[in-house]
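For reference, chains read A, B, C and D in written order, and residue numbers begin at 1 within each chain.
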């Protein structure tokens, strides 16, 4: 059954956990394994943390929107902020690249590793849209294949 | 810390569980007891089920909006639908009153019992807004008082 | 919700697991009606010990079956509700019309 | 996240519990820096056995402390990561620079 939901919240660090629990609850309408749900949680956590830290520079008054869609066994997530934007998306996607010396530059790496697809659109001064997809694996529980 | 989030989703029965988990995750930013969180889940479940069944007559294309606000230790919830509306709110709030013979007429009773406040605004043909509040009890964990 | 059903000498044991809300109410009701039509049941035992969440949509299924059995002279017992589920049963008034037991055995022995 | 710290003869045991993400990263880092300033530490042991979730914001706190200790000639050990946390450690490359042990005792005995 196709489904869609939209979540909007303030750019507070406390909302990172709220966002990942919400998305996992929505995703659990598909037959994802527990392992898949853990991976989705990490991806959401990274995207939302980026919006809070980089997009809004840790200011709490920004709005972050997540659009969750279930379509033919696939979960699509759009994590949107209306903040600073990214001047060089290609560079930003490189492993270990970070504009913040305190951070690891692994956010996009984790999103890419844990989801099937990652797409980043950004306009400096306007904001960033991170789109990620993940399908339920048809080959049975993923754990059995991977471990 | 004050906080606000807005959730929008389709009027599908499957989203009743999604809505209550999301609200509970948001509410857990306050120091509610596990018992309080269970009560909040029931209240959300009733309000969303009403929007699906009564507001939208079980049609899946309606939109349900939940606005969650945390302000000074109080959780405020607004559950909004743009459906049929309620002609006689006073009557609808009466225990055991239901326009559906298969149902118990206890939805509003549960919302009233499990939250501190319940307020219903409705315009026939336009929709319904159910507003509920619950504060963190200052007298320590509620369980110890009640059981 | 998952559901386990067992029929034994006029008693139908119903063992739902998980969350009983609007999303499962219709299917739950249909399965019960089907089983009540198939077998002569004079005692319906709801074992709620594995139910982690219930709301008025879920209770409605139980109450509806109670009304049906009462008309036929049968009875309905509730077994093992966890605290959060039990509070809902109390508040709904269901416990004033149905008997509650600690175990299925007790429900069988004492519901007479 | 909750945090338990224990200092014993040059070793600081760090035992976070729960979820280690952006919302706790600053406080986590500050507590560690404070303790590293207070005591002479040549071995930092992160016991992750009670960590249910970690993301790159949480890992950053561990990596930052690793860099600090390495400069001072100290070492960092990781203990007891659950499978989902361990996958993140692997993917981040942290396990290529820090040693991993099954228990705190083993970390003490083998990290020389």
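Going forward, a contact is a pair of C-beta atoms (placed from the backbone, for glycine too) under 8 Å apart; a residue touches a chain by one contact, two chains touch by 3 or more.
What you see is a predicted model; the values in this text were computed from it and never measured.
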TODO: If we define chain centres by averaging CA atoms, which chain lands farthest from chain B? Would you check?
DONE: D
Task: Separation of chain C from chain D, taking each centre as the mean of its C-alpha atoms, in whole Å - done: 50
Task: Distance from chain D to chain B - Cα centre to Cα centre, in angstrom - done: 42
- [ ] Provide the C-alpha centroid distance between chain A and chain D, rounded to the nearest whole angstrom.
- [x] 26
Open item on the list: Going by the contact rule already set, what residues in chain B reach two or more other chains?
Closed with: 14, 17
Task: Every chain pair in contact, whichever chains are involved - done: A-B, A-D, B-C
TODO: Would you tell me which residues of chain A are touching chain D in their complex?
DONE: 13-14, 16-17, 35, 38, 41-42, 45-46, 49, 52-53, 102-104, 106-107, 109-110, 113
- [ ] Can you check the complex and tell me which residues of chain D touch chain A?
- [x] 19, 21-23, 53, 55-57, 59-60, 63-64, 84, 88, 91-92
- [ ] In the complex, go through chain A and note every residue touching chain B.
- [x] 1, 3-10, 12, 14-15, 17-18, 21-22, 25-26, 29
